[in-house]
Amino acid sequence: MISYHKYSVCENEIVSKGIYKLSVKGSFEGKPGQFYMLRAWGTEPILSRPISIHDKIKDKISFLYEVKGRGTVQFSSLDTGDEIELLGPLGNGFDLSGLKGKVALVAGGIGVAPMFYTAKELKGVSLDLYAGFRDDTYIIEDFRKYVDSIKFSTDTGKSGHKGFITDIFDPSVYSSVLCCGPEIMMKKVVEMCNAGDVPVYISMEKHMACGIGACLVCACKTREGNKRACKDGPVFNGKDVLFDA
Amino acid sequence: MISYHKYSVCENEIVSKGIYKLSVKGSFEGKPGQFYMLRAWGTEPILSRPISIHDKIKDKISFLYEVKGRGTVQFSSLDTGDEIELLGPLGNGFDLSGLKGKVALVAGGIGVAPMFYTAKELKGVSLDLYAGFRDDTYIIEDFRKYVDSIKFSTDTGKSGHKGFITDIFDPSVYSSVLCCGPEIMMKKVVEMCNAGDVPVYISMEKHMACGIGACLVCACKTREGNKRACKDGPVFNGKDVLFDA
Amino acid sequence: MLNVNICGIEFKNPLIAASGTFGFGREYKELFDISRLGGISSKGLTLNKKEGNNGLRIYETSSGILNSVGLQNPGVDGFIKDELPFMKSLDTVVIANLGGGTIEEYIKGIEKLNDTDVDMVELNISCPNVKSGGMAFGIKCADAFDIVSKVRDICKKPLMVKLSPNAEDIVKMAITCVEAGADVLSLVNTFKAMAIDIKRRKPVFDNITAGLSGPSIKPIALRMVYEVAGAVDVPVVGVGGIISSQDALEFIMAGAAAVQVGSGNFIKPDICIDIIDGIEKFMIGENIKSLGEIRGII
Amino acid sequence: MLNVNICGIEFKNPLIAASGTFGFGREYKELFDISRLGGISSKGLTLNKKEGNNGLRIYETSSGILNSVGLQNPGVDGFIKDELPFMKSLDTVVIANLGGGTIEEYIKGIEKLNDTDVDMVELNISCPNVKSGGMAFGIKCADAFDIVSKVRDICKKPLMVKLSPNAEDIVKMAITCVEAGADVLSLVNTFKAMAIDIKRRKPVFDNITAGLSGPSIKPIALRMVYEVAGAVDVPVVGVGGIISSQDALEFIMAGAAAVQVGSGNFIKPDICIDIIDGIEKFMIGENIKSLGEIRGII
């Protein structure tokens, strides 16, 4: 059930340059790939910001976010005890029920955020993490106990493979691929998976207003027409999505 | 010289219900009855807020303010070290040079704010403070060492005379009167002074935008036409002002 | 105490969810009791299903949002089949918001809605008139008269005409629409506006311009409602930047019979409830027994 | 690199302080070097001294301000005698902004300005035309044509006509003013808007309506500038809600030759300097050598 409430921040710590982890105490619903609309201001800006569930334990939910514009700047200045409004859980999330065999999680930059909770909840499969970053890597070590291997890249070559994560990712050995990252990277991953006929599920980032499926500003083009990223998505079958880029 | 700079708040303490004293470190100019435009936010609200000099010592300036609307609410939430922008000193201020004999300071509510620095700077005269409040009184004890007597009233009768300060103020014994408070109260004081032919100077509160005399939104009607409260005022000769109320 | 009657239809309070921001109510129902609303205006419908615009659809400005949804909707038939039964199951006034690119489309849409239990039709005349070169029906009085009178001729439901703030003369437009048969007027729709991505050196929206809504437009919308309410004899519904009971009361004092809340729903999904409660509190505090006492009082 | 030439007049940069927010520059000179500005448009002048409006003159809205100053000014003679010498002592383009209630007033004002060393005249046609029942000159094209062509006939200075966003059709209005002889267009002036004090149950302003300015109007002003710049051959000066270099660059990319900053001056007295520096920084970062490279590029 979607709920809308005020909470107080219990932790908001920097985990890497421009990357923060924000936690809120309470008992929350939500499955991997679902998200919440977050708000830590009054009426301006008008829109709340969609952020994926990064982790969820009994009495706490966490979000991992990158500071981009005025909304995330405001999140980054939150202190323990400050108020934050959460609307969620929203969206469909990854369907983990049917997955078996070897599964790859492919993340680009902050797209790694939803993958952590996904890795944690994904049981009975063999799991590899592929994560691409610009310069610094973050939180990938947290995945160790939930995945069989971690491969990573940086654009700058600071650590891991120098280049794109798609350079070192071969979909052909996997029975399914879950992917989250910049659209251009997801497009590439989908093309690679399609070529090898490997099922791939991607989490689309569209600008949102209501977050619950009412306003239609988050349209994602698919072979079956426009879908709402916030309600019908954010996770779509990679084969269905028509990319803008 | 008017200056415009960012400072950091060194103190912001509550002195009575809804009344705060905010201090800023630095070397400031300004004489009694002058004011600063204060701002502790980015672009919204657009306008800064005019606040009188309450006190000024070598390396510190203080403002006494009442929480009214969104600007002063924001001031009240400032902590030590927070940023605040100050534009000033602005306006003419009280002309203390010609004052002699017995002088009365008559204040209504937060109109007491500029009177403190006035009392401190006003030398060589015999000085009485008259201050009217709604319910609680504040800061009047601070005046002790600068004035000969303190008379005060509260609308509710909580302390002092129950009723208006004008009930217990007799201008006839004074050579000059300086007054700051709600327009309706200043009008009354001016009428009383005019009846007794006692010179009276009042500090007018008009909504302001530029604060420096350029935009003409702070017009105060006088016998010589519209004057700018921010530049030609805020202190006007009570005999010249044409009251709206 | 909060109830209003608009052409024979009883609204339990003057708060109506504005078209396009509330879908058909379904999603909000999961969050709060939407039967507490005075009414719901449906997502803007067109005769046939529409996919809407490409590219970015929403962008924030200072105290406002620009949207370019482009009337994505399931079409009138889809609405009647899949959404109306749900809406009618609620205890609130159901308004079907109808747009279109040609007069024929509007007419056919109305004919279909006539045979349903929709309570009221809201005619969105801000749509670009495809036959007159894309200028909206709601800009020039003659175009508006034409469409409103033709729709009025066949429409069996109370007809609310939603005015565009881009109209050349909002007062004349209002008078024209009333002369053409509008039973109620609602205003305003979004303002034609734009934003530019200076890094890409391109307009933010594929369509170049988009519609501005939210608190930024409130002072202009309020002025228009005030002027229109003073010029026509039919009820006027105020829309534009309402996000608080203070805002709603300003529109009511300017002469509005009811108000609609659009962008405000994005700030807080149950903002309409806060506004209803706030109006009630104000009325109690000021000892106002009915909204009629303050409507148009300024 | 930042310089622009507008009908033969060289502006060192495209930043002009907007009329009514900057007085005659005198007060701001105490705060920063106002000769760094491209130009200053004087407080709106009328033939004779005016005391302006009664009651409250300024009120804040969401990301905007409503003002009702009512053209308080020293009159053209007072300006020429007391303010112009100061303005001309600055190293910036001096623009005299002129308003009026009748055509005769405008004409007489122009005649007086003709004999001065004012660099340019900005004709404010948003003033209520007292002879035509108080509707502003800038609403209907015919009224605007009349006044602009008569002024053009006698005006010896480059003539900038400042359009009202309340015009029935901003593009037609722009074309009309150019046909009538405008050398430059500036837009927009303030939007007709209002606010209500619900406690007093009265409009906030004695005049009921007032003029809306500030960031709230930017998306609409930008759209108007874009449309007008595409429709006329004369330079267009963009005004409305500009408070950052990003905003200014949006107007320039929409086709503006220069921009004016009004309400922004109240946010930070030297905001124009920040904007000038910001534009320069952007140009360096993007390797733009002259504003001509990006003007109207979208």
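In order of appearance the chains are A, B, C and D, and numbering begins at 1 in each one.
Everything that follows uses one rule, which is that contacts are C-beta pairs under 8 Å (C-beta built on N, C-alpha and C of every residue); 3 or more make two chains touch, one makes a residue touch a chain.
Every value quoted in this text rests on a predicted model; they were computed, and no experiment measured them.
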Neighbouring chains shared between subunit A and subunit B, ordered by label: C, D
Remotest chain, subunit D as reference, centres from CA atoms: A
Pair with more cross-chain C-beta pairs in contact, given B-D and A-D: B-D
Centre distance in Å when subunit A and subunit C are each reduced to the mean of their C-alpha atoms: 36
Between subunit A and subunit D, centroid-to-centroid distance (C-alpha), Å: 48
Computed distance of Cα centres, subunit D from subunit C, in Å: 34
Where subunit A touches two or more other chains at once, by residue number: 43-44
In subunit D, residues with contacts to at least two other chains: 62-64, 214-215
Overall pattern in which the protein chains touch one another (line/ring/star/complete/other): other
In contact (per the touch rule at the top): chain pairs: A-C, A-D, B-C, B-D, C-D
Contacting residues of subunit B [partner subunit D, same complex]: 1-4, 43-48, 85, 87, 207-210, 212-219, 221, 225-226, 231, 244
Of all residues in subunit C, those that touch subunit D in their complex: 61-64, 66, 168-169, 191-196, 198, 201-203, 208-209, 212, 214-220, 222-223, 226, 241, 246, 249-250, 253-254, 282, 294, 297-298
In the complex, subunit C residues that touch subunit B: 62-63
Residue ranges of subunit A in contact with subunit D within the complex: 43-44
In the complex, subunit D residues that touch subunit B: 20-23, 26-28, 30-31, 43, 51-52, 54-60, 62-65, 67, 69, 72, 214-215, 243, 263, 265-270
